[in-house]
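Following are the structures in question.
Both of the next two complexes hold chain A, though its partner changes from chain B to chain C.
Then we have the complex of A and B:
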């Protein structure tokens, strides 16, 4: 694979991961976590694990983001710390 | 306290990274896994199970016991969600919001009202008012059937292409969640009730374990699908492929039901009255 693309995706994974922890808005954290899952899905696909990539795309980027957003909608949007 | 936990996280993180240095590098032909485990599956899977997708064969046939307990983990997640979140409130909320469909006017009642039965003119809507949007409803109505067809394809075609019960079940559950988001939770509960979802959770796991038990009845090991050849007009090799399909359907049903269950409970905070 083209290593430049891999490097860009890896950097995006790290940025999304740190951002999901650091951001104060929980809705933003949920969306960043979805973006993180999608980048991981791309990485799995690059490494040839297509089945894992498919699972990551449907579970991580799809349904879990929806469940997080639903939970944020029912609780509070701000973190305490 | 915060710096203390940061130190611990950094310590264990660096320890994990240090340990990964001992791993064989990615795609290393001399790694232990590549020496005899992988070639065995790559060479023999098609002859033994007639499944071209080796990942599916390993997951659902050779490592079937593992996958069964993965399904049970998901089932447990659904049960835990019910136990933690579901509340049965005795006191019903008074009043509610109704939309007069022909004119689009929203009515709010402070006390209980008796609407004419089977009236198509009034529609019960959520208290947290969501504007009625015909574009969203129509678009989702168009997307839902196609995504469900795609999910069935993913489940049934897991032998030949990436996919299988887990992914197909999640897509099936997501299509129902999409319907719930575009309409409301009450309409979705009218189509797939809480009881049906709970039954489907168990049914999926039961199909998986039941297939294993049928194999045991015919004298083979638990989940050795070649024993299904006694039951069906199939060769033992084709029976293994067929057994994989059955358990994939079971996994799909269980995963779909658990996803809907989680959504119902999270979106309505366990009350099952009003959701997103």
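Then we have the complex of A and C:
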């Protein structure tokens, strides 16, 4: 566990999370949420939880992002907040 | 002395501080955002924050990933548990990730049905349509 890399990735996680909530476009929010999930996956690979890391990369980042994008295309991209 | 203690508390426990920040971020999004997809993103951030807390519990300094190589068990000293990261929270959180994706799928299916019924994703507009 290298604490410098871990610190950088933790800051990137928080930035991606705030961006996914703050952006006023649902497709952008979905993509930023995918970036957030991949940052979480990197964090868990660094912390030694390799099984959790690849489950998060395939299920969390992959399938979740696909579900969000499919929902946005079936409904609307517009959001007020 | 005090500076050292504060540095130790801030840097060596940074995972737990970030866990608090992410969990409150998810709660904030679930409570204040009007858009239903934004609420679901907040719910997922809250779930990953809890997973981050449990993985942080299992992490150790100077330990390797919990895989015992072949032949290592027959050595003279045996396997020392302090050399390996605790694998029990990993297994529990593996289940939590699958549950998170299942709840996400159900929630997004409900959102699509609501959009087909009311033509909007905003919670206040749906409530206004319900009351008229």
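We take it that the second predicted complex is superposed on the first by the 81 of 81 C-alpha atoms of A that agree within 3 Å, B and C clash if a C-alpha of one lies under 4 Å from a C-alpha of the other, contacts with A are read in each partner's own complex, and residues count from 1 in each chain.
One rule holds in what follows: a residue touches a chain if its C-beta (ideal position, glycine included) is under 8 Å from a C-beta of that chain, and two chains touch if they have at least 3 such contacts.
Values in this document were obtained by computation on a predicted structure and should not be read as measured data.
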Touching partner for A:43 - first (chain B), second (chain C), both, neither: second
Contacts of A:73 with chain B and chain C, given as first, second, both or neither: first
Chain B or chain C, by number of chain A residues touched: C
Touching partner for A:54 - first (chain B), second (chain C), both, neither: first
Contacts of A:63 with chain B and chain C, given as first, second, both or neither: both
Which superposed partner A:18 touches (first chain B, second chain C, both, neither): second
Touching partner for A:26 - first (chain B), second (chain C), both, neither: second
Set intersection of chain A contacts, chain C complex versus chain B complex: 47, 50-51, 55, 59, 63, 67, 70-71, 74
Sites on chain B touched by chain A in the complex: 26, 53, 55-56, 59, 162-164, 166-167, 170-171, 173-174, 177, 181, 259, 262-263, 266-269, 275-276
In the complex with chain A, residue positions of chain C that touch it: 11, 14-15, 18, 21-22, 25-26, 28-29, 32-35, 37-38, 41-42, 44-45, 48, 51-52, 55-56, 58-59, 61, 63-66, 85, 90-91, 93-94, 97-98, 100-101, 104-105, 108, 111-112, 115, 120-122
Of chain A, residues touching chain B in the complex: 47, 50-51, 53-55, 58-59, 62-63, 66-67, 69-71, 73-74
Footprint of chain C on chain A - complex, ascending: 1, 3, 6-7, 10, 13-14, 17-18, 20-21, 26, 29-30, 33, 36-37, 40, 43-44, 47-52, 55-56, 59-60, 63-64, 67-68, 70-72, 74-76, 78-81
